[in-house]
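What follows is a group of structures, each given as structure tokens.
The two complexes that follow have subunit A in common; it is paired with subunit B in the first and with subunit C in the second.
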Partner chain A sequence: MSEIPLPHRAKRVVPWWLLRHETMLAVILLIALIVLGGLNSRFLTLDNLLNQGRLTTEVGLIALPMTFIIITGGIDLSVGSIVGLCAILLGYSWKVFGFPLPLAICFSLLVGAAAGFLNGIVITRVKVPPLIMTIATLALYRGLAEGISQARSVRGYPEWFYFIGQENLFGVPAQLWLLLIAIVISAIVLDRTIFGRTLYAIGNNETAARFSGLPVDRVKLIIYTLSGLMAGLSACVLVSRVTTTRSDMGIGYELDVIAAVVLGGTSIFGGVGTIWGTVVGLAMIQLLKNGLALTGVKGDATIVVIGTVLILSTLVASSLQRRREGV
Partner chain B sequence: MTAVTLAGAEADPRRWLKVFASQEALLAIAVIGLAIAVGLYNPRFLAARNLSDVLLGNAYIAVAAVGMSMVIVSGNIDISVGALIGVLATISGTLAVNGAPIVVAWLAALVAGILVMALQGVIIAYLRIPAIVVTLGMLSILKGGLISVTGGKWITDLPDSFHLADIELFGVLPFPVFLMILVTILAALWMRYSASGRAIYAVGGNAEAARLCGISQPRTIVMVFALHGLFAGAAALLYATQLRVIQSTVPPNLELTIITASVVGGVSILGGVGTVVGSTLAAVLIAEIASALVFIDVSPYWIRAVQGVLILVTVIADILRRRRMAGV
Partner chain C sequence: MKLGFSAAFLSAALLAGTASAADKRWDGADDLPVNPLACSAGEANAAPAAKPYDGGRPTNAADKAGKPITLVDVPKLIGIGYFNATSKGMQDAAKALGNVTVKTDGPTEAKIDEQIKFIDNYITSGVDGILFAANDPVAIAPVLKKALSKGIHVVGYDANSAPDAREWFVNQAEFNGIAKAMIDSMAKEAGEDKSFAIVTSTFTTPNQARWIAEMWAYAQKCHPKLKWLETVEAQEDNNLSFNQATTLINKHGDKLAGLFGMTSVATPASAEAVTKAKLCGKVAVVGLATPNAMKPYVNADCVKSVVLWNPVDLGYAATYVMRAVVDGSLKPGATSVDAGKLGKLNVVNGSEILLGSPFIFTKQNIKDFDF
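Let's look at the complex of A and B:
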């Protein structure tokens, strides 16, 4: 019985991990690095690469919980608006309500978590599809940020607050440490815990997961709340880096975040994806942006590249998946 | 016998109740009720000038929402339409300024709209990539492309004959309002009474059942997106021709306003349900609310929050109503 050969496995010449989407992406990334480095001598310097890490932290922090969400087959389009709302509330609670800054930071993180919690509770209780729920809150949260701030900015934070956004710790940008810790924790949670495996179960077949007694709604509620919380954290890092608070902060983040996650091999249909893939996806997008900028392509044209890469990579990924499933 | 008469007697008032409870009737009541309420607070709101400005300035949103409603009824979504309208307006304006015949400039917007949307439809329907990914990617391609090609420069010195939105039919009816009404009625009739129109509901309601009925799902989706592109082109023309200049950037959050109009108009985001009459009424309501905020001395910066609450409330109501109807 146990000797029944697995035909599709026996035929394989290349080891399985080489064919993985993430591995191929990493190879492409490596080639891109070498080519871009050859085109511009400023590209492959440690300073530049570390600086790119600094710039990718804000999107990266949100991309981790977004990976969880997309693995379950959901999506969160409101993250950019949550960043705006949290940034505004950080500035306003400090400057206008007179909170001490540490309290203001906690407050804005709390608001981020609450915003994500609201998404999660409506998605799980009322069963509103995540796409439309987060389109609604994309408008709502941005609207709150605009309404509260009346488009006025807040600046003049105390010196210590700029540490996380601008200083180095052991020669590495301070916020990059934050991102690294978050990556390690997310990877362990996704790969090694029951919670993480539940995410895949939900994404593969939600009904089956429910019947297996998995706490589907609770898990979903946690990941949407986490997404809001990380968007809040990202807002704090962003404000600290750019030193001002404006209500238009984080506009378009959802595109960068989803692009990184999908580029990293997480299927938008759910059930498939890894943190490692998201990290490679993040690096890919940031280096593409930076490399293009260094070779003289304007910032707006790089959005075009990201959009194209997003569509093409989904095309490739879905056709690969179809071939694997023999459809 | 008595039971039958009782049931019959009961059915009549219930049907009336149903008509009044329909999304369209509620929206019409909301449009009129809001006008009266704000008018009582500030009579200047009801001035003919203001009301016609509200209609004129926002007719293009209603026209685009008609196409968006079809897309959502078919079970898809499009978040690239705002960026597309910006691109189409710029294409049309650039042609007009550079001496192309005005009709060509107008047609170019319509044709380009159909092409871009049909392409997205093909990718979604035949290559089976979810609409959200395709349109999100297209959004950034269009937005980034427009800014990097034009550098954000405004188009000025548009020829007078270009201004489609200035035309008044029979000397009274402004063209944008006429187009809004015409497009809505035609689309409503087509979706209700033609086989291809019904196919949209079938595909959105239950794709598998539609397939078994011999309806080609991919072809229907490509058709829906192509039509949506046509309406986006028409909307772009109204948008481009209502002012003396075209800001060749993407109008911010336009797609959100258009989606809001569709959803608030009763188009169910789960697909298969909704009418374009509702979405047009909702577009009028949203424009009215934006104007009303100014007249009751609320900062216009709150408009987007109001929009968000509107979508949220209607979506939740829609889902709860469906669940009650399904008897769950």
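Let's look at the complex of A and C:
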């Protein structure tokens, strides 16, 4: 298939229609932008678009490792709860343990990584399916967050801490830089490293990957840990943006994250997906929500539209796949 | 080994959590100072010292005095009876005023992050004023300050934000007033030395946390023998509230003599749980709720007191306050504001406008209300 511009890509690993799916999605996104921009003059302003970038960063940071995980055929439903746990421990270790705030941030990132590591170790060693394990820790981590916080919100962080959540750097929201860097790194890792290619191999055929001598368990352990770490990072950004720590932070994030990843063309069955697709998926959901809200569509109707877009895009993707396979 | 570390860490965190729980017999309250009222109505309360205006001010707001204005109302969540009622009050006021358009829009779940996004979008789309009921007083502050900085007027109702993030807050009833009404009713119905439990929304919801803190303070002062069993969370979720109330009944058995419902969802659900357990008359239910939801239980003599204010009036008052702010007739330092059919409402506590005393619905009067 000559459509594939990267000659080192094995055809079986990245099917040709994948690029088409994302291109198609990008085209839909473009059309949506033009239509919504025509309906409301304030939609396509730089100010609004950058602000949307700010609002989507927390979900975006988690969507990157989630892309890795879903490519391997796994899933991580505990990310929203890890956000809650990390947010609480950031505030708690600062206010109650008396850690200096930078140390508290490191501590909460470490906790995020540990929470992801626990997911990974049980999934790889005990062979608990990722869905079951992360549903369990979805409840466990949220319970810990609520138990530790005892419903107390932590407030009154020092002014410098609000930089990442609320300030601009060179005219762009500070957290958006973080997201951009994370996107570039994730894309390179997925596309240009042995580690990244191993993810596709695992997703396509885990047994074959094992027989090929690929370190399947170690790779899985790394991506679940990474997922926890990024959820921790997302928690720091979120706390900085909303200035207060609550134990109910991040509830439902897992669904937003998975929606963006799947909309971006990553197959829930594994083996297929790109960071580029996830980024388009993220932008699509956030800009649709924002554009519809600005045009005067109410909150509950917006959710209906997002749901419909998800179903339609999945339908189109699977019909393209069927055509390719000649079924 | 690494697994061991994670496990050790998690159990340490768990222990830390339970240890900190042990030194508090009650939960669900905030840590802010409390101000319990006097025990009997006869005793005089020390009048709170008049506070100077502590609200915020918009920068370069357009002069729309007497001109048509467009407002958006972002409650904690949409689709529940309580906020439908406040929304109705706003529409009534808009009709009465004639030059106000109000739209209610908000998240379908009471999530602070979602609420912030809604407000942010309305700042971008451009409105003259924002009415809000905060899911979190501090978390909502930056986005409200952003609105003020763009010249948009901001008035809160139902649940306050940090004072400097909005201009005025319409307070439906003072927290200590609600707390007194709740605790007095419970002591009267269940008995002075009985045990009770609380079904609340979430521990972090500001109103509920404030009420529980004031209830605790007032009970300590005036009904010290009342026993506090526990407070459970039930979101604003009907099923969960019913389940939590049923669990409390099963868990505490005969010890449980009363249930407080802290939300308009938890109270009828608790009453339903008591009815289903055939404990009417044995377990008293006292709580905040709208009359229509409570009529079956009050008429069946299962519930004697329902504490509330009129949420339709609350939305009505908030809209009048917003109009007065835009017109310039309500300025910092004012002591009262005209609220149409509600008459003059007083300014309390610097930048709050008080709707009135809490109202207790009983079998005698509940039939007169329909909301």
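Assume the second predicted complex is superposed on the first by the 306 of 327 C-alpha atoms of A that agree within 3 Å, B and C clash if a C-alpha of one lies under 4 Å from a C-alpha of the other, contacts with A are read in each partner's own complex, and residues count from 1 in each chain.
Rule of thumb we're sticking to: a contact is a pair of C-beta atoms (placed from the backbone, for glycine too) under 8 Å apart; a residue touches a chain by one contact, two chains touch by 3 or more.
Keep in mind it's a predicted model, so treat the numbers as computed, not measured.
After superposition on subunit A, the partners subunit B and subunit C collide with one another. By the touch criterion defined above, A:T244 reaches subunit C but does not reach subunit B. Applying the stated contact rule after C-alpha superposition, one finds that A:L144 touches each of subunit B and subunit C. Touch criterion met: A:R155 reaches subunit C, while subunit B stays clear of it. In the superposed model, A:I303 lies in contact with both subunit B and subunit C.
Of the two partner chains, subunit C is the only one touched by A:A293; subunit B is not.
Judged by the document's definition of touching, subunit A residues 144, 146-147, 149-151, 252, 298, 300, 303 lie at the interface with subunit B and also at the interface with subunit C.
Within the complex formed with subunit A, the residues of subunit C that make contact are 2-3, 5-7, 9-10, 13-14, 16-18, 20-21, 24, 27-28, 30-31, 78-79, 105-109, 111-113, 116-118, 120-122, 124-126, 136, 138-139, 141-142, 202-204, 209, 233. The part of subunit A that touches subunit C in the complex is made up of residues 40, 42, 45, 47-48, 51, 55, 89, 96, 111, 114-115, 117-118, 121, 125, 144, 146-153, 155, 166, 238, 241-244, 246-249, 251-252, 289-290, 293-294, 296, 298-300, 303. Note for the complex: subunit A touches subunit B at residues 75, 122, 126-129, 131-133, 135-144, 146-147, 149-151, 252, 254-255, 258-259, 262, 268-269, 298, 300-304, 306-308, 310-311, 314-315, 318-319.
Subunit B contributes residues 77, 79, 123, 127-130, 132-134, 136-141, 143-145, 147-148, 253, 256, 259-260, 263, 269-270, 299, 301-309, 311-312, 315-316, 319-320, 323 to its touches with subunit A in the complex.
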